[in-house]
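Here come two complexes built around chain A, the first alongside chain B, the second alongside chain C.
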Partner chain A sequence: MSTTSSSTTGTGRMASWGVDRSVVILLVASVVVLAGAALESPGVLSVNYLLQQLQIAAIVGILATGAMLVILLGQIDLSVPLTITGTAILATSLAGSGNPTLAFIAIPAGLAGGLLIGAVNGLGVAIFRIPAMVWTLAVNAMLLGITVFYTSGAKPAGAPPSLMVFLARERTVGIPNAFLLWLVVGALVLFMLRRTVFGNYIYALGQSPRALFLAGAPVERIIVGVFALAGLLSSLGGLLLVGYANQAYQGMGDSYLMPVIAAVVLGGTSIFGGSGNYSGTFMGAIFITLLASVLSLMQVPDALRQMVFGGIILAMLLIDRARRTP
Partner chain B sequence: MTETGISRSGKFKVPRVVISAVLLAILFAFYITIQPRGFSTYVMTIWSNQGLLLALAAIAQFFVVLVRGIDLSVGPMIALTNVAASHLLSGSLGEVALGVLLVMIVGTGCGLLNGLAVVVGRIPPIVATLALGSLYSGVALLLRPTPGGDIDETLSDALTYDVYGVPTALIALAIILVLVAIPLRRSRFGMSLYAIGSSRDASVMTGIRVPQVTLAAYALGGFFASLAGLYISMLTLTGDPNIGPSYTLNSIAAVVIGGVALSGGVGSPLGAALGAFILKTISALMFFSNLPPLAQPFFEGAILAIAIALGSLGMLRVRSRLERFL
Partner chain C sequence: MTSLVEFSAVSKTYGGIPALTDVSLTIEAGAVHAILGENGAGKSTLMKLLAGVITPNGGTIKVDGVERHFATPRDATALGIVCMFQELSLMPHLTVRDNLLLGDGGPMLRLIRGAAVKAVRASLDSVGGSHIGLSSLVSELPLADRQLVEIAKAIHRRPRLLILDEATAALTAERVETVFAVIRKLRDEGCAILFISHRMYEIDAVADRVSVFRNGRHVETFAAGTRNRDEMIGLMVGQPLTELFPPRVAGPAMSVAPLLSGRGLSWERGLDAVDFDVRPGEIIGLGGLDGQGQQYLMHAVFGVLKGVQGTLTLDGKPLGGVTPRRAKAPGVDIALVPEDRKTEGLILDMSIGENLSLAGLSRKPYGLTKAAGPADVAVARLTERLEIKLKSLDDPVKVLSGGNQQKVVLAKWLALSPRCLLLMDPTRGIDVRTKAQIYRLLQELAGEGLAIILQSTDYEELIHLCHRIYVFYRGRVVREMSGDEVTPDALIAAALNAHSNTAST
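This part shows the complex of A and B:
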């Protein structure tokens, strides 16, 4: 693929300015969206509204972090919707079971579930060499079956773990805890991508799996590791969603697949893998959240919102394409 | 090479289509013994109707997979054409005929759009069809937010019952397979499809018009998705915007079971149709087995996953591990 022209880290000509191009564009776009919405309802410029957006952006952002890691490999994870729903249902049913021991392990169990789903995804892709979009779609179908069986197709019983409610809904010194959590997660992932061997492997694998294999790197283990990490982050996002909505419900993850991929792609991560900056994904998540919020303020139906996210992904990739071919 | 029955090493090898056909025969015999009503026109008709529906979706997927693509919008295209049919297929004979034509145009148009995004936009097929798929299901939801509509019953009766004891669906499938298979094997265009899937570079050098042929493959995919959408309308007599999701994965699993390689260039529409009937027979078997109904979605998902994993087992037999990272 012609990723060579865009340089390894996705920083284009603006790299010399020390700023990533897509971050600047997204920042401007966010301001434009907010300004446009403010003409209709001035309330969107209030500090409280903006902080609330950061709270929701944190959920989208943590999900997008997982999606970005997989996309950096040049793969895709389509099991995100049911990873969210499945682990959310698992955690709420444990937390609401009335048994203190089970309630205590609700969050670790939810996260372990995400890790396990991710590992299954990774094993299918790395060992069986099944194309990721097909395998993760099949895993998604199996998870749907498991949640239907587990909940008997009814509204899942249980209660949200109190720690998740605290993290998703409360604020510390005025800043939403969810946003603080996202900053911590983001910093860890940024460190991993930039300063560790594993991070370098991720970019290298996205650039050329063949070259990395010839260089003697444990390619299979890296793929499984990245998918497992992505599953973990998806379940963390799902658990935050549980805290935010105060419940788990069927189909809660369905509407997150498109906006999350849109956030990553908008952030300048190449869909071919091997190039992308975390700062882009960060701003992408904020912009997508603002856009979704403004669209729902304008009472745009959900069908149309999903179309907007799909359209954004296409438009971004087409623009990217046009810029690369002189 | 599998088509000639001689493998690379010169030993005789049973063609994949024969294996699929034998598997289907065994499953079907099993189904007839377990089905309380036994072998009757009624049972055959229900079985054929369900099979034809998935077979059309599988043939849609087949054309795209043949040129080394993947179509994640098969489900959304089926939903959109089903909804379109529920608006267009009523009234006088002339109006219904025009309606059928319009629905086919809608489907082919969607397929063409997919092709343009992939060929002209140079967007990877996964992302292009995923994003465009969200547009198609969005339009379907806007056209008909809840299931409903009116479908011509005369046409439905003509296509979903039997002719002298032979299910109309089987006759229709036979006609479609003959109409598709002959040009696929005998025409320049058909051979070009196989050539592009086998080696894009070699096809370009041979003078095949790769962009145009690839575009046509996606358009044909859309056309067959519209036939599936039309046939759902015949079976259910309504338009349902949410009918799509399961067809995407099922169509992929069907082509894999039918011996179509996800890496392109190998397989036949007959194989895709056999794969579809195998899948439908397995789910019919589950329906009449003693599995708890709530567990069925999980087993359906698991069977799809196993089928796809088995279809990819060839990758485990490659001689050098390096070949896997091409």
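This part shows the complex of A and C:
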């Protein structure tokens, strides 16, 4: 895990230690999971297996980045599954349409779709003041309806954009491109959170929307902006998934909601908003990916894996709550 | 008469700030006991202790001679102590009948029988609510009727000690008389009544004994009628702390053009055609009883409220579509120090530095936090000028004392060099030394040409600092006072007279 050191250079925002505590815990937990799995099948310690995990972690990590931004606001985005599926279907349809112009705009269109879905989420929460839990769930349901209507329930026709295949499956100097892309996205988000006014506003809004509003900050714009950004990142994750799986299909995003939220809360981001480090989310995504991979290696059924993720979230929520009420 | 409740040396502090100090008081059965005091004198704390909402830090409370520790309101209710709080506690989406039955203390699981409904009806009739239908929804009733239902609910529980906290504030004089008849009847049946009201004439009309509270201390208890109103007001206000306030500085001449004016400012839920002017260098005060619209005016000016009618004028030009963001924008330069420091003024879990820079963030070049904006220089200067005591800017702001926290809020806004400063009760819960510092600062700032609007629940503050005072009642400005007119007695009388005048019309 030598690559993780790059993300832990930013010191914990709320942490008194040099490095965020959850990062250390997750690092240790990852090693334990790997060591445990190595007793069963030593193959997990091969460089190739580990690099493959980073490749998948990149997808989870980019999705978790969006989810983290929303959770920092004290909100939640439950439309992640269908944002992934919807924008994936949109991009593959355009890329496989045979029309070179449409194929060319496949990726921008997919990303724009994510941005738009996110903006709709944000408008509902910021302007109409509907709880995000309900609004984004409804948006998710609408998107499900749209995709089912569009594909008539069948496997959607189309082809993955070749750039996404390159990004998701190829490697550059031995390192998966997806992981490199994640590093770039992560660095940009880290910079945004730590060095820009917008980033400060995100934390402040999560802590106290009222105080921030009374400090004269554009609260509505911040909320819409964060949700839009999260939608964009969800669609980017969805497009990577398209490249990785070489196709888009109905239900492709369904199994990502739980692990993504689990990665964020495991990384120490408070579900109540206002505190959390990107380094935590980074390690959270890697740990969750390793855990899922090792569980499937041990032939644990998917149902049980979902229960594990759900259990992790519940446990983290209780820990978070306990920390808040000393 | 027998004593029902006895307080001995009871104290209550909130986070180190005393709300009640060493209070000893006896409440007797079969008497109406009025509690008088300014806002913040400790009346509500006293009520909450009795109702079991909070527990004391020291001293003992005896009921029927037995020492009691109320852990929850249920414990108090079990002893027959029924409290009617100032804030209405009815369920708006339930019917009148359901609300009254909710409070009657019977078992939770039972059938509602005709007899119970009849009893509810009788209780409601007895307080003069015979015109109120049992099946009407509380949310559809006018405020005065809701208050009657509230009183009926309290009476329906057959209390031994009934606490009425501003229970009649929304009632007209005629209705008040009906309620008083009920109170007297309860008293004659041996019930003790603790009566809190700001209306002097109500206290004259119904009280048997009067206790005056000031700054969390019990000042004096006497039989009703042995002191006149002036003496009672004198006891409420106490001796002015002259050394606390810097000598008054003359305000700008009335001929100076106002910086900010409001005309006909109205808001559906609590502002009624308010006019005001504030000139550069002038400190104006918003006085009156608590919650008469002063806060709404502040919020209206700062653009917090939606749907405010009327016009605001800045520099003689109309100022429309105000939001906090626009209010603080360069060229408008209005700043607001909000009422609740802990939830509105500060973000407690964030660092002192982050809180200090919060309002100035929007002026950072390129939206980058590391880029030094003009506000950062000002923050550093203000930290010194306000003598904010801190170890490190990276400490969370919650480790600071209340006074230093308030200075952080002030510095955060002053860093933007505002032209008009709105202050909502800026010295609430702050130690005397810091209060004095803030007072001096405000006068200096006014001297430098800042226009200041000060809303305060502290009469002395308004009297000693303000050049002009607008006295509010029910969302309207009922009196404007300036110069020598402003004395403690006159100010309180204005607030109270306003009350009685309007209530009897």
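Going forward, the second predicted complex is superposed on the first by the 302 of 326 C-alpha atoms of A that agree within 3 Å, B and C clash if a C-alpha of one lies under 4 Å from a C-alpha of the other, contacts with A are read in each partner's own complex, and residues count from 1 in each chain.
To be clear about the criterion, a contact is a pair of C-beta atoms (placed from the backbone, for glycine too) under 8 Å apart; a residue touches a chain by one contact, two chains touch by 3 or more.
Bear in mind the structure is a predicted one, so any value in this text is a computation, not a measurement.
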Tell me the contact category for A:F213 with respect to chain B and chain C: first, second, both or neither. both
Please name the chain, chain B or chain C, that touches the greater number of residues in chain A. B
Go through the superposed model and pick first if A:A303 touches only chain B, second if only chain C, both, or neither. first
Scan A:A138 for contacts with chain B and chain C and give back first, second, both or neither. first
So in the superposed three-chain picture, is A:I261 touching just chain B, just chain C, both, or none of them (first/second/both/neither)? first
Go through the superposed model and pick first if A:V148 touches only chain B, second if only chain C, both, or neither. first
Touching partner for A:R321 - first (chain B), second (chain C), both, neither: first
Do chain B and chain C touch any of the same residues on chain A, and if so, which? 210, 213-214
Given the complex with chain B, which residues does chain A contribute to the contact? 76, 78, 124, 128-131, 133-135, 137-139, 141-146, 148-149, 152-153, 209-210, 213-214, 219, 258, 261, 265, 271-272, 301-304, 306-307, 309-311, 313-314, 317-318, 321, 325
Touching chain A in the complex, chain B uses residues 70, 72, 117, 121-124, 126-128, 130-135, 137-139, 141-142, 145, 246, 248-249, 252-253, 256, 262, 292, 294-302, 304-305, 308-309, 312-313, 315-316, 321-322, 324-326
Residues of chain A defined as touching chain C within the complex: 14, 194-201, 203-204, 207-208, 210-218, 274-275
Please name which positions on chain C make contact with chain A in the complex. 302, 304, 323-325, 327-329, 336, 338, 343-350, 354, 358-359, 361-362, 364, 367-370, 412
